[in-house]
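Look at the two complexes coming up: chain A is in both, with chain B in one and chain C in the other.
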Partner chain A sequence: MSDLVLRNIGKTYANGYQAIPSIDLTIEEGEFIVLVGPSGCGKSTLLRMVAGLESISQGDLLIKGIQVNNKEPAERDIAMVFQNYALYPHMSVYDNMAYGLKNRGEPKSEIETKVNAVAQMLGLEELLTRKPRQLSGGQRQRVAMGRAMVRDPKVFLFDEPLSNLDAKLRVQMRVEIRELQRKLGTTTLYVTHDQVEAMTLADRLVVLNKGHAEQVGTPMALYDRPASTFVAQFIGSPSMNLIPCTVEDGVLQLGADCQLASPQFSTDKIMWGIRPEHVDIVPLQDADLNLQVKAVEALGAETLIHGSVKADRDKQYPFVVRLSGNHAPDIGQLIGLKVPQHAWHVFDAETTKRIEAL
Partner chain B sequence: MIENRPWLTGFSHLILVLGVLVVALPVWVAIVASTHPANAFGVGHIPMWFGDQAFANWHQMLIGKEGQASHMLRMTLNSLIMALGITFGKIAISLLSAYAIVFFRFPFRGLAFWVIFFTLMLPVEVRIVPTYEVIANLNLLNSYTGLTLPLIASATATFLFRQCFMSIPGELVEAARIDGAGPIRFFFDILLPMSRTNIAALFVILFIYGWNQYLWPLIVTTDDAYYTLVMSVKRMLSVPDGDIEWNKVMVSTLLAMIPPVLVVIGMQKLFVKGLVDAEK
Partner chain C sequence: MSVYFPQKFLPYLLLLPQLAVTAIFFLWPAGQAVEQAFYQEDAFGLSRDFVGLDNFTELFTSPEYFASLKTTMVFSFSVAFLGLAVALWLAVMADRVIRGAMVYQTLLIWPYAVAPALAGVLWWILFDPSMGPVALLLESIGIDWNHFINGDQAMILVVISATWKQISYNFLFFLAGLQAIPRSLIEAAAIDGAGPTKRFWDIVFPLLSPTTFFLLVVNLVYAFFETFGVIDATTQGGPGQSTTTMVYKVFNDGFVGLDLGSSAAQSVVLMVIVGLMTVVQFRYIERKVQY
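The block that comes next holds the complex of A and B.
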């Protein structure tokens, strides 16, 4: 049975602003769903609607087949981890975790067993008597997760839980969250704007743009076949190179001096895209495209070359190439690029939707 | 400040010492005066060193002359009841009104806040005649209720708690909602403990405010069973003819000073924490 169903869910604020027009989403039991999008895309609003912290203007929200639109957050059997952890500052770690259970009226002995079990799982046994202010960022994060886990909810909700941690800790906690979720098998809805987090954590990703679900799918599906230019640019880092151009009579016109053999598409005005990592460097005479180097970022294992290509009546378009290993081209130098056809992504220039060769 | 200029250090200390002298001298005079016989002041100079009547003066004021019991303890008790009544009343009512204003959406919420805020412009002294009228009509003259009730509503405290509550992050409120805490649980389990230091700081300020009330008790009490300590000092000064017994006046003054000093000393730590707190 599907665990969490969003049926035609929408949010309109009292002032008439429509944050979320309509979203349909069916989440299976134990799935890890990541909502991702730029700030202001409605991802947090959607999560808060599921939590019951924000009212639902239209549609149905079902948890385990029961409509919960008008239920209080505490009655929905969900647990939420907040961005700033939202630990009660005057309570000890133990009390923080036990508070929800106490309010439910569970017997003391049972609360103790549950809290201790979770504390052990998260390595918090030593910290149970401490106050939140005596904990480090990572420990607070763990307590916040512990508080959610103790309640053994049907759905976990995470609202950008890692954005206050430093980079190293973030990677560590990311792995930990994923492991815990697998172990517990609890359906999870996770909001982030960080696409690395999104890619690594998700069973399925939901890319939101202005309140619309642009695309729903596995991380790899989104990476391999983005449904629109928005998804194409949002997933993958550095993001996909996109250049507007035309296709006529089997020729892709990437600029005055760049024509490539191409299959035909349903429209001739297209956005042509290729990921930075799918571009090869070749000698200039064999090149499909010439890149003028503007900046080089050597990261050790790989090198990012930022530059521009001339296309579409000599306009300059920014272009990034990602190469493994160490390369050191000079600034201003021209580099020849090979863009293999199987790595192309083609979008309708008007609708920005993905189109396939006819 | 890390500076090493001897003359500057000396100068700062001089200013500080002068400041302490200005503040402490009257207190010193009061202490010294309470140890002299009544006639020591008639001759036009103020003694600066202790006399030998300390025990006699204090004994007479606290216990009473033979055959005539002292009102001092009764008045101290009255003062204490009034001060604590005002303090707790103000804190309780301000907590509740600030809670309503910050955490609940109801019609005319903003108006309610501004009306409360507006009463800052109407201290007891300004509204003393109508307030007296109301209290008199309610038959509350010469009662503890009459002493405390009109002073309890407080815009200052409401405003302070409002600021304090508004600094509580919204996520915390939401976390409590998810944890199943309703409005009453949230108030007692989370809001109250979190405003502990603010309450303490306010307690100090309000206790001193209540204790030092002078005009209102003077007007609303005519029965000496309800006289307060601060009032009595003034009453001892208005002797129709004959000499003012300065030694006894000073004993009452000192007696009136002690409780606020104790409160400040006892709650010093919490007081400072409550005013500069950044724990949240």
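The block that comes next holds the complex of A and C.
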């Protein structure tokens, strides 16, 4: 049985603003689903609707087959980890974790056993008597997760839980969250704007754009076959190079003096895309495309070359190439690029949807 | 945080205006009061004799003085408690209002701008036994209201008039305090299964405790020392001594009874009390309300 079902879920605010037109999503038991999108795409609103902190304007929300649209947050048997952790500042770590259990009226000994078990799992035993202000960012994050875990809820909800941590800790906590979720097997809905977090954590990703689910699928499916230019640019870093161009009679006209043999598509006007890591550098005479170098970012293990490719007359399009190892082209230099056809992504220029060769 | 000035002189120069004000308007009269407390002065102020601690001995053996102490306690704690409770209730309600929130808030703050004596007169008219609308209303439901005769009713009247003004002030602080509590905490508590009432007492109220404590101190000091105007405008300390607080007694004995020595001794006692109150409140209670 599916654990969490969103059927035609929508949100319209009292002032008429439609934050989420309609979303369908079926989440299986134990799945880790990441909602990802730029700020204002409605991902937090959707999460809060599942939590019961926002009302649902239309559709059905089912948890374990039961409609919970009008149930109080507490009755939905979910647990949420907030961006700012939302730990009760006047309570000790122990009391923070025990609060939900106390409210359920569980016996004291039971509460103690559960809290201690979770504390041990998260390495919080030493901190149980401390107040939140005496904890570091990572520890607070752990307590917030402990508070969610201790109630053994049907669904975990995470609202950008790592965005207040520094980069190093974020990576560490990311791994920890994934491990814990696997161990507990609790269905999880996780909101983030960070595509790396989304890619690494998710069993399935939901890319949201203006309240629409642009694409739902495994991280690799989204990376390999993005359904639209929005997904193509959102997933992967640096994002995919996209150039508007035309295909006529088996020729892709990339610019004034760049023509590539191409299969035919259902439309002539297309957005042609290729990921920075799928481009090779070749001598100029063998090149499909010439790149004028504007900036070089050497990251040690890899090098990002930012530049532009010339299209018709004065038009130039930004283009990024990602190479492994160290390269040091001069600024302003022209370098030749090979763009293998199997790595192309082609989108309809009108609808921005992915199209395949005929 | 400490700031060090390279000059020795400048900091004192900058402090001078404040120090001068304190010295001229507080230290000097306070010093005079202390001096006066050891003298007995005749009713016309023509001569005075040094009487040592006689003024104090007389004070502490006088049942009237202890009666006024008791009156002060009842009055002050009633005002502080009522003022805090009502203001908190109003603030919680106003915090929930979304549409027209500014209007509610502004209206609730207005009473603070009313002068104490005016507030007193306002309530005095409302509760006037023969023509006050509230008094007539009470009469119609079978309560015989006459604060000129009934000491308890007089006390209720002064407590109400003194509290009414203070509610606005408390409301302002409580509202700010409530708005400073992150919404996510309330939401977390809701997910943790706490209903609105439980959320208030478990989360909101403890988080407001620094504000509540601060207001408690301010309100007690207000009720102790700044309610002269209200009492004078409504009951003049009567009937009998039933609403004569210590501050009112200082005025009454000194400027009506013209017993300046006793009046000065009472001010000295009040000074000691306010000092003690401040020390006790900040040294012992504040520690417990920090989280």
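The criterion applied here is as follows: the second predicted complex is superposed on the first by the 355 of 358 C-alpha atoms of A that agree within 3 Å, B and C clash if a C-alpha of one lies under 4 Å from a C-alpha of the other, contacts with A are read in each partner's own complex, and residues count from 1 in each chain.
To be clear about the criterion, contacts are C-beta pairs under 8 Å (C-beta built on N, C-alpha and C of every residue); 3 or more make two chains touch, one makes a residue touch a chain.
Computed from a predicted structure; not experimentally measured.
K.L.:
With everything superposed onto chain A, say whether chain B and chain C fit together or clash.
P.N.:
After superposition on chain A, which the two structures share, chain B runs into chain C.
K.L.:
Who does A:I78 touch here: chain B (first), chain C (second), both, or neither?
P.N.:
In the superposed model, A:I78 contacts both chain B and chain C.
K.L.:
For A:P89, using the defined touch cut-off, is the partner it touches chain B, chain C, both, or neither? Pick first, second, both or neither.
P.N.:
After superposition on chain A, A:P89 lies in contact with both partners, chain B and chain C.
K.L.:
Considering only the touch criterion stated at the top, classify A:L53 as touching first (chain B), second (chain C), both, or neither.
P.N.:
Both chain B and chain C are touched by A:L53.
K.L.:
In the overlay, answer first, second, both or neither for which of chain B and chain C A:Y317 touches.
P.N.:
A:Y317 contacts neither chain B nor chain C.
K.L.:
So, does A:Y99 touch the first partner chain B, the second partner chain C, both, or neither?
P.N.:
Both partners, chain B and chain C.
K.L.:
From the superposed pair, tell me which chain A residues show up as contacts to chain B and also as contacts to chain C.
P.N.:
Touching chain B and chain C on chain A: residues 51-53, 72-74, 78-80, 82-84, 86, 88-90, 99-100, 103-104, 133, 147.
K.L.:
Can you list the chain C residues touching chain A in their complex?
P.N.:
So the residues of chain C in touch with chain A come to 182, 184-185, 187-194, 198, 202-203, 206-207, 209, 291.
K.L.:
Looking at the complex, which residues from chain B come into contact with chain A?
P.N.:
For this pair, the touching residues of chain B are 169, 171-172, 174-181, 185, 189-190, 193-194, 196, 279-280.
K.L.:
If you look only at chain A, which of its residues touch chain B in the complex?
P.N.:
51-53, 72-74, 78-80, 82-84, 86-91, 99-100, 103-104, 133, 147
K.L.:
Which chain A residues qualify as touching chain C in the complex?
P.N.:
51-53, 72-74, 78-80, 82-84, 86, 88-90, 99-100, 103-104, 131, 133, 147, 151
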